[in-house]
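Same chain, two partners: subunit A is paired with subunit B first, then with subunit C.
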Partner chain A sequence: MNSTTSIPGISKRFYPLKIFAVILILCSLALFPFISDNRFYISLITEMMIYGLLAMSLDVLLGYTGLLSFMHNTYMGICAYAVGLFLIHISPTSLWLACFAGVVFTSLVALPVGWVQVRTGGLAFALLTLAFGMMFYTIVWKWYAVTGGDDGLMGMPNPDITLFGWHLGSSSDPVNIYLFTLTVVTICFFLTRRIINSPFGAVLEAIRENEDRASFVGINVRRYKLLGWMLACILASIAGALFILYKGYIGPSTMSAFAGAGVLMMVLLGGMGSLWGAFAGAFIFIYIQDYISTMTEHWEIFLGLFVIFLVLFLPTGFAGLGDYFKRFRKA
Partner chain B sequence: MSGTFSIAIDLLLNSLVLSGVFLIVAMGLNIIYGLSRIMNMSHGALYAVGAYIGYSLVATGVNYFAALIITPILVGIIGLLIERTIILPMRKRSMVYTLILTYGLMFFLDGMIKHIWGNRPRFIELPEFMQGMISILGTQYPVYRLMTLFMIAAIMIALMLLLSKTKAGIIMRAASTIPEMVSCMGINMSYVHMGAFMLGCAMAGAAGIIAGPLTTIDPLMGGEMLISSFVVVVIGGLGSLRGAVIAAILIGFVQTFTEFFITDLAMVIVFIMMAVILAFMPRGLLGEGKFE
Partner chain C sequence: MGELLCTENVCCHFGGVMATDNVCFRVNQNGLTSIIGPNGAGKTTFINIVTGKINASAGKIIFKEKDITNKSPHELVKMGICRTFQINSLFQNLSVFENLRIARQAMHGGSLRLFSSKQSLKAVTQDTWAMLEKLGLKEMAARPAKNLAYGDQRVLEVAIAMAGDPKILFLDEPTAGMSPAETLHISKMIKELAKDICVVLVEHDMDMVMSISDRITVLQNGGIISEGTPEEIRNNQQVREAYLGKEE
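Presenting the complex of A and B:
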């Protein structure tokens, strides 16, 4: 995928070339399933977009608020389970209601967790995300009667995608899911970008830069951290709703610490503090994962080495490469 | 009546053993954090590495007690290599990077364990005399479990003496409060960081080989121990050694008793307890960074 365009994070200037590039990428993504008939790539790109949304939600937390969450995929998993259980047990046809219920349920779970987490410091926050993440993972894994335990949640119905009464197609067709995901992810991306560029986003960045100074200016640091956390969790839960529609299945491995490290890796690859970078990171990561996991079963070793390598030599990630070359040219 | 009593004794001793293992791992984490402000995410993996090295040593015919001494030294050397190669460049960067870096290291070490020793669970062969049972107040209790209590107590006393009586310990305590002053006294802080990291890793290795024979050794043990030791460290207060003692005993008892009564969701009870404690004492029981 050609994702080398950059959308300026904070700058208010007008870049016709960049807007053109964004439109070009969106159009090519939207037209892709009509040009190519390859089902494998369609589903791979769907997965990339969903994980891109998840990585972007973690980036809101990590790159903008400066809070590290080791297991952000937990909240994606919780929402996926909630949507799945809603569709199986309550109503097999109402897609929007299920997604809404899933997002609300995830927020209700994330709120008390976030409330406890933001009261501790930045480091304890990171450790607690791991502890709570493992707790949810254990619950999902052990509560066989509801979640299906190790086997995961199966027998998902395929609700029709409708909008204000229009019938847009069945969710059993990968092309429909692809287009649906693309639309939702695009909306989420621009919405998040708008939020991050608002005064609220500036407050989050102030907290990232210096918590003490932010509180001296009169910012309620804990409340804004909690709001940042909730924003990230809600975005992650939207990714979860898309995930279960795409896969039709959710298992505990999606919520494991290992998968969480993968999401962290996507953000690192793309560069912390860059929304489009998170998508680029997810696209690269899933492509590499798909490639390497066919060759070796010791994907863990490679993941660990990649993370170490990236932190040591490329801490700004893919999005930072541009700055690096600019500096290089000037010198 | 005697049945209930013997179960109570059993549970009490088991809680103490579990607390002791948590204590040593958490103490290693706290020493590293207290001295160099680095939270080592790969600590659980190093604990697993310790258990596996102990297994290999015993399996190749090394005396168990010799393995008990060699393993921490080997894990300490691994710690030294890690510190010199990848932790050292991180000193000047934000803490987030170290967290992510050591998290990556954890996956690398876990992957290496699976690569070298495989997924199969392993058992450490104990010498004959430690395999039996001993009668305590009418309760049959495994000898080895009792031995672990003595070993853990010995390690803790040695650590206490190191920190309070030796010159290295005094330097370490001083460095945890005012590192700048320590370097003004002509002490190379780089060596202090190195020593702290080695000591912390060696303690993880020691906990690994002590806890190894208690259960089976499998690749998942590191991750579980990492979470438990984080819970201990966060509840006790980051970098607070006394807080870690109290928190380890608390968590050890709560986990053993809930495991006995509810079995499956014991960890969930522990986490809920942690959340309640942190809601009222966000800095942990004894506050942050009391290094003594």
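Presenting the complex of A and C:
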């Protein structure tokens, strides 16, 4: 868990090395498609970034608010379907409008669900997420006329990506989607980081640490849990909008409990309570999944083993590696 | 001065057990009232009811002439009813500074600011430093609460409650498990507090209760058996029986 809080006058949080590393990573990601024209890796990294965003949104819930959601991918899926249906049935060219509609629709679904969810805590909360997730999964799976059932949503148009009338290219080109995803995910990352370090973020952390005490210092716990939930669902829905633009397809398997467990593993791999850790977790998870699946079709078994080892020997996740080395050097 | 808080026939039962039985309790604007009683007398249950942790089965609680029965804790804190817990209830992984800062922030407002930094709430930061300075916790500001010595955690527990600018402060055994020196430190702190606000103390340490209380209320089996000054309580036959048993 992220236990260090910056204190004015005591610890200054300014690490030039960190800033340099962030710029380096962002620049290399931005330049990657221009250096390499390996379409496979461009697609893979796009997927990593999208799942990174999803994992980060789950981390807002799990690592910062202390609420476990088994099926956070549900809200990514709902938005992906909403964006897809909007593009297919309403307007095949309005990309931004579709994304906006998708996020609004997902929020409208997530709000009443969250209202029920925050009335519980701990295990009950986690089980409720599973129940709601299963419910939405079944709706998507069985409602053939609208969602295409287990065939998934097909016939997605490829709208052009424009910004204030400035034409940036077609979404059918993986490079365009890559850059679009990188931009959106980067913005989301820094916005979330800002929110986590805000007074609002401090309230979420207090709830994670001690819900009971939080209410006894005057925090309306349910209200802030609901706000945290909505923040996480909105971020997940942005990931969903990116997902359907990238894949051009969405099927119910993306919303399954199995996929939900995958997102949870990404967060655990990366380390709870670290935003960049969630991205690291998603990158590792998807890379291993991809790497092992080229060798055996039973990749889940090996991935599972790998996760078990990591959880046993690196319980703080990838983000805890830094502290681990620091202690190692001191010893 | 009128009374700050009074309860009218407050009852609470768990199944068939009457944990709080028709308690009528009143306190004034300031001063220190202690609640004592043998184990299982219902002292903590009574505090839990008044501070909104559990609901009363019957009766009324009036605070500043407003009915506050069964309101939720965060509403009560905003009105000025704060408490500490018998077992430390801190934000364990957060720094001492942040423990107090969040309590201050909850009181001060601004928790809905999404895009400004925590430091932007300048008044909150200043108040927090002032409190840390006053309580002698300044040196430990950066340490996670869980790494403090038990005595310091106990002080922090009281400090968090004080950060809410209480009008009435309920302290549930603040000196439990503390050394005599630490107990002295805390009892001085409480005495100081009681000059300005109303402090209600639940305590087992009789020496401390007798020496610092203005009034004492004795509970037994959920009901009040006696009320009065320390001197009156010391000489009360019924209280002696409750603690020591009947003389044959």
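The definition used in the following text is that the second predicted complex is superposed on the first by the 306 of 331 C-alpha atoms of A that agree within 3 Å, B and C clash if a C-alpha of one lies under 4 Å from a C-alpha of the other, contacts with A are read in each partner's own complex, and residues count from 1 in each chain.
Here is the rule we go by: a contact is a pair of C-beta atoms (placed from the backbone, for glycine too) under 8 Å apart; a residue touches a chain by one contact, two chains touch by 3 or more.
As the structure is a computational prediction, the values presented were derived from the model and not from experiment.
In the superposed model, A:Ile219 lies in contact with subunit C only, and not with subunit B.
Look at A:Ile90: by the touch rule set out above, it reaches neither subunit B nor subunit C.
In the superposition on chain A, A:Met154 makes contact with neither subunit B nor subunit C.
In the overlay built on the shared chain, the residue A:Pro199 is in contact with subunit C alone; subunit B does not reach it. Looking at the shared chain after the overlay, A:Val146 reaches neither subunit B nor subunit C.
Of the two partner chains placed around the shared chain by superposition, neither subunit B nor subunit C is touched by A:Ile23.
In the superposed model, more residues of subunit A are touched by B than by the other of subunit B and subunit C. Contacts of A:Glu209 after superposition: subunit C is touched, whereas subunit B is not reached.
Contact residues on subunit B toward subunit A in their complex (touch as defined above): 39, 86, 89-90, 93, 95-97, 99-101, 103-112, 114-115, 223, 226-227, 230-231, 233-234, 238, 264-265, 267-268, 271, 274-275, 278-279, 282-284, 288. Those residues of subunit A whose C-beta lies close enough to touch subunit C in the complex are 1, 3-11, 191, 194-195, 197-203, 205-206, 209-210, 212-221, 224. Interface residues of subunit C, counted against subunit A in their complex, comprise 51, 53, 72-74, 77-78, 82-83, 85, 89-95, 97-98, 101-103, 105-107, 110-121, 125, 129, 141-142, 144, 160-161, 163-164.
Residue ranges of subunit A in contact with subunit B, taken from their complex: 62, 66, 68, 70, 112-113, 115-116, 119-124, 126-128, 130-132, 134-135, 138-139, 142, 257-258, 261, 264, 268, 298-308, 311-312, 315.
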